[in-house]
């Protein structure tokens, strides 16, 4: 059945909720493995489901791209839960422990279910509601740790998020007014190139831009990434961004496809602004989480390049880069979460001498950072190369230059951290970190994946053929 | 007097101007109110304006729209908007209360601890 | 002639009411008065729904919006009774910026809404939007059914509630009462 | 033409043996034993000397007596393949002048080697000295045998490098180090001209070579001397001009090549390095700065003589510089106190002689060509002897300054006798070699109508006699002026034997019929034998010079001091070599280093590097400024968000508006 | 797995072997690295021999070919939809560069025999760097080329940053960033090449068959040339080289100046001139002028340097100027000169930096004025230093002269697309450098090695140890062999360059009447 992954996720959510009532504090450590099992089950179900088909009268449709998006969400969820295991278990240090793990996991799973649905919606109402389900729980997760910063982060996130969804809703209203239908696939035929369509498009882009942290709408990201607990920040930077991209692709490819080609230059400008601002401000960051926020903003800038030319190659490049970005980003976050968990600090300078204390950890972090910077043996290089190739194909050679120089600037600030780890001597009295079993397994998996995705071509080829099929289905 | 009234029976544009006015006032509220709850109230204004919009477009449906008598999309959408608004307020208030317990202030402008 | 003029009259009346009350929500110095004026605006919108021949929605509006959400807001105001924020003056700069952005948005949407695409629209045939029809539509899993969004909203509300409870609980109370049973 | 004997076809053995011995001595024997290394080096050079005598003998008998000697390249191997029909071959070109020089170089080199085993006895780096001497001999022989310009240039550089190492042998003495540096850099500057000359003539020769029918080329390459000196090639080359200052190709390339020669033979503007080159051990000066290296320039001009002759103006340049240098050097020579500096300036002056001899020569009057070669031949022997003599004197007195010597004829009879023979030879007194070759040159100058040059030549002949006998009298006559001079003792026989051999040679050399063998190919033979119209005036002048020298320097010094007072400024200027050294020092150090190298180093450090750092700073400040946008106020972010949405509408409108229509 | 792949795989396996050795056994690590690079040297030797067997019969065919003939080709499809294959092969130029790199890495390992601090990471990174370099030389697929290019650039940061001296972080960062900006230019150019040819393949030979429109060539060529020029120390972009080399440890600056900077020239040749002949013709004169500045600027800059490493860095800027000058002269002799200069300068700078490392190891100072009279104390090093000095100023008998004579003749003979008078004046200016080089080389060496010993505690310094003698010996031997018998190397390179020249003539539109 097409909707199996979503159902499994929701079922796990409920199971955890109910079980939580009966378990003692010590027994609560069972919840995380259970959640992981649930997600793994959903993954298995996803692999089993075919990547085409329609359900519930067109409300829920499955296509190759949606399949890949769901895979990214589930992988990201699995890894994030694995990374948060340390903080959720009972033995976690009191001051940084995430209390009430049951509820935390349930909300996370519901949020995941919202994202999964998001990838397969084909009408405005389900899209809006799924998007809200994919966003509102994040306000809660951001504010989970009721310390001074958490509340503020949650509130700010909530205010900006609500405003963005209001704008989005207003845009959807205009869209509905113009076409009279809620079916996304029916809209392109009914839309004409007049200023009202443009207004609706702009509002929707603004609403989704908030979630994807595109430049004018990115202001919230640094502070919420800093305020939220590190695992939630990881989840935000990977899953929420992927959901944002899924929605943007849904909107631009399904609804505004006829105008996508002409609006290429506007997308190019947006991408340049996002990349450049993200990279420039990341240089001066001292807090590792704010640093990762700006790095994520610049990655969003690169992702936008896939829309130029509006072809299936662009879509494939974006989906592939998203998968690579997710894996690489989580490998870096694994080390950040561990470091924060055991030393409580989020300053970049506190990473000095890590290569002497835990050589393997430092190596994994370095590989992750180089993956984000797009350095060859790692898959980040192939991902970025594909996006730049799409931009060149669409004729924006100047943009390829800008993007390449931007990734050089990004190399500068990634190297700043490598410098702290490898060149600076460890602070006196610094004690090596002791990674938990779950976290080191996740770290190993992500690093290996980020290496393999770049070398083994099968993943990219699959995404590429899927995108080609998807574009035809879009065509009818 | 009657002809005058008949003359300017409200067309779709009039309605839309009303809703966009309401939306803009809500927007103004969100951007200027210092009390967090005030901001949420202005948010409710915006969402309400958007909800009315949907019902409006449902009544003045685009001529090209297909589907038989049960074209209830707009109405159903409004119901869901109200539900989402409710969820947002719940979350907003929960966070607001938790934050108030920690920071003892409701003033949004004083919540700037999180800058570099 | 007189009968047909009444809806127009009511429309302009409700419009005037909701705009003035909205203005007082936004600029009211005392938060409680703002809450009450919010109730007024939402009530006016219920009236607008009636005008648009969807009585069920008007009911839902009054029940959920006015009854539920605004009451919740009032609770929040009560809970956070602090002396320091009685009068609520935004700084001059923030007012300028806020008004500039808001009027900018209004002018833009005004310019967009008055385009001829909407001007030519006339009232379409009245859909059967009584309670039964909407109820059936909400649960129908077929072509025009909204079962999926319905389920999603329920998940959303559930998540919001659970999260809200966990976040809003008193931390001190939590520590004591968290006695594991069994 | 008779079949080629073994040695003629394997002439490459002559340079190869010293090269092999250089490698062996340099790498292996140096650590085994110093003495063995010295002996091995001398033996190697001796064998190649023997071989070259044999080769000369066979070469002379290749063709019946009367006919002009042939010019052949018996052995050649492709070395550098630049391009199709533009390759460089290593080979051995045997023709009268190259065989003559082969003999001269190897003989003098062997004698210097033998002399050095005595002179350098007990010096640290003894083996290193012999290794470099062998390297020098190899490169000089390679230069002499070069069949094309590039091989000559290659050996030219190697000669320069080995002279650098030899001058700088006493590398702990700062003066020796700077002298070797100066020598290499000045000659390197001249080689730049040589290289440019090769480029110019190579380019145009390649153009012509391309145009010619293959069967005409019979295996020659564009840069071979055989090809370049062919009359038809020269004719077409003369026609081309190089659109640059309207100068003809031939003239430009000839002058450029000549700068190379002028540098190595220390002609006027580039002469400053030779006097300083005396810092090296005396046998080195004897070999390199008297007999072999410095004459390379003359040999080069002789080798490319047809090019110079066709271009005409180039020859006049050669003549003028040659004449001026000989006069200029003679004047300075009279004022120097260091015995080796005097000999250096006398070499300069004699080289000027050879150069202007070639300068006056032409196809119409070929006598100058053979006269110059003859003088080169004889000069090598008696100048080498002079230097070796000076060496044994210095060895005894442990100082170069002639005023520390005096009255040595009693203590060192042999050296005195041989030194006297050489001094008489260079002064051009009848039976000795100098007389014949110098008069040939003066005759050539007179007959070819260059009377001014002839006059200068005569004057210089007189002055040469004067300054040579000046140091002779001061060194060997009068009382010993320093305590070393008192009990100086004769040098060991190992040093005296080669000097004696050279003494014999400088006596006999005049009678060897070099002018007969060495003829400008393809030109009518002028007259032979002594031309009395020239011989008498030159001998008279020489005797006056000797008389004047005896008058001034025979007895005590007060007459000299009186003369010095009268000459005043001019004398001191001449003593300081007319301040050319200071001028060059000023030009290089303060002008080039301070106004070119320093600003460039500063420019690079501040402007170019600065630009890179500036871009870094610029990115950083942009980051900081943009970072400031994060004020922490959520409502500011909200207003940014909404105005962003509005901006997107405006941008989309702009893009679609312009994109649309 | 053909020979070409083994040439890339062997260094990588050595890297893994070095990583496998436990960190505290630093002597074992050194030996593993030495054996690995030694084996690579032998592998290179047999590949050269086999290549020579295969390639020599085709030299005549090359006269008219317009496509590079590759040997030991291995093609494994990698990203099929993009047209990216693992395509490696060898032609004359690659062979010479592989020989150079193999020698330099072997002597580099020898020269860093006494690296003590974190030897395992040092050798691992060094060998990773060299794997990248081999990858670049041997790959004939643009994507693979670019990937290995960045693999080669990245370890530099850590090598200089961790093991360097002086302002090491600053120069390491500056070096990495400038090289990455260079690679940004290359990426833009490469993607333009890929998409203008239909975006179906990255295979160099297939792209070469596509005739790019002239306007496109005119803006892509400078991008590619400058992009590679940044690594090849093109004039305004060379500032990373002095700082980078001064701060880098011996083996790293040996490898970097010796080999990595050759990637610049190699790339400009292989991608710039080969794929964009009309672009090269249009820009030829401009870059010739720029590289002349490069040559003189580097030479004059070196005169006034007081630090030995800056001295050598500036001299290598000047010599790299010759490489790019040769490439910009666009005729057979010029291109051959460029490749020969890459080879000879690689060996020379390798020798220079090795020797500086050894001297620094003893005197612990690189400031020229502080040193003096060292020849008495360390004769072997002094002799090798003088040989390197003489080779760098172009003394015949060493590889330097062979390369420089080609470059000068090539520059002087000019090409049909640039005004002959200008090319000749530029060549004359370039030849001026042989004098300036002589000046700074002799001034520097005389100050350090000759004259009396300035500092009394230099008296008991020791001469070169066995490993040092071996490494400097090999480098000197290579210089001499190529200098004396360049025949083999020249034929190797010429047959590979003929297609380049034929392509230039096939599409060239003659500007000035010419031979």
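Some points to look at:
As written, the chain order gives the labels A, B, C, D and E, with residue 1 at the start of each chain.
Quick note on the criterion: a contact is a pair of C-beta atoms (placed from the backbone, for glycine too) under 8 Å apart; a residue touches a chain by one contact, two chains touch by 3 or more.
Bear in mind the structure is a predicted one, so any value in this text is a computation, not a measurement.
Here the chain-to-chain distance from chain B to chain C, counted in touching steps, is 1.
Chains touching both chain A and chain B: C, D. When each chain is reduced to the average of its Cα atoms, C sits farthest from chain D. Ranking A-C and D-E by contacting C-beta pairs places D-E first.
The central chain of the assembly on a C-alpha centroid basis is E.
Averaged Cα coordinates give chain B a centre that lies 98 Å from the centre of chain D. With centres taken as mean Cα positions, chain D sits 102 Å from chain C. A straight line joining the Cα centres of chain A and chain E is 43 Å long. With each centre defined as the average position of its C-alpha atoms, the distance from chain C to chain E rounds to 71 Å.
Multi-chain contact residues, meaning those touching two or more other chains, occur in chain B at positions 23, 26-27, 30-32, 39-40, 56, 60-63, 65, 67, 76, 80, 84, 87-88, 91, 94-96, 98, 101, 108-109, 111, 113-116. Residues of chain C in contact with two or more other chains: 94, 97-98, 101, 105, 108-109, 118, 144, 146, 149, 153, 156, 159-160, 163-164, 167, 171. For chain D, residues touching at least two other chains, in rising order: 627, 630, 632, 634-636, 638-639, 642-643, 645-646, 649. Contact annotation for chain pairs lists A-B, A-C, A-D, A-E, B-C, B-D, C-D, D-E, with touch applied as defined. Of all residues in chain D, only 635-636, 639, 642-643, 645-646, 649 touch chain C in the complex they form.
Across the interface of their complex, chain A is touched by residues 619-620, 622-624, 626-627, 629-630, 632, 634-638, 640-649, 651-653, 655-656, 659-660 of chain D. Interface residues of chain B, counted against chain D in their complex, comprise 27, 30-32, 39, 108-109, 111-116.
Contacts from chain E toward chain D in the complex involve residues 174, 177-178, 236, 238-240, 242-243, 297, 300-301, 303-305, 332-333, 336, 373, 375-376, 390, 393-397, 401-402, 405-406, 408-409, 412-413, 421, 427-428, 431-432, 434-435, 438-439, 442-443, 446, 449-452, 486-487, 490-491, 494, 515. Across the complex, chain A is touched by residues 78-82, 143, 146-148, 150-151, 154, 157-158, 161-162, 168-169, 173, 176-177, 180-181, 183-185, 187-188, 191-192, 194-195, 199 of chain E.
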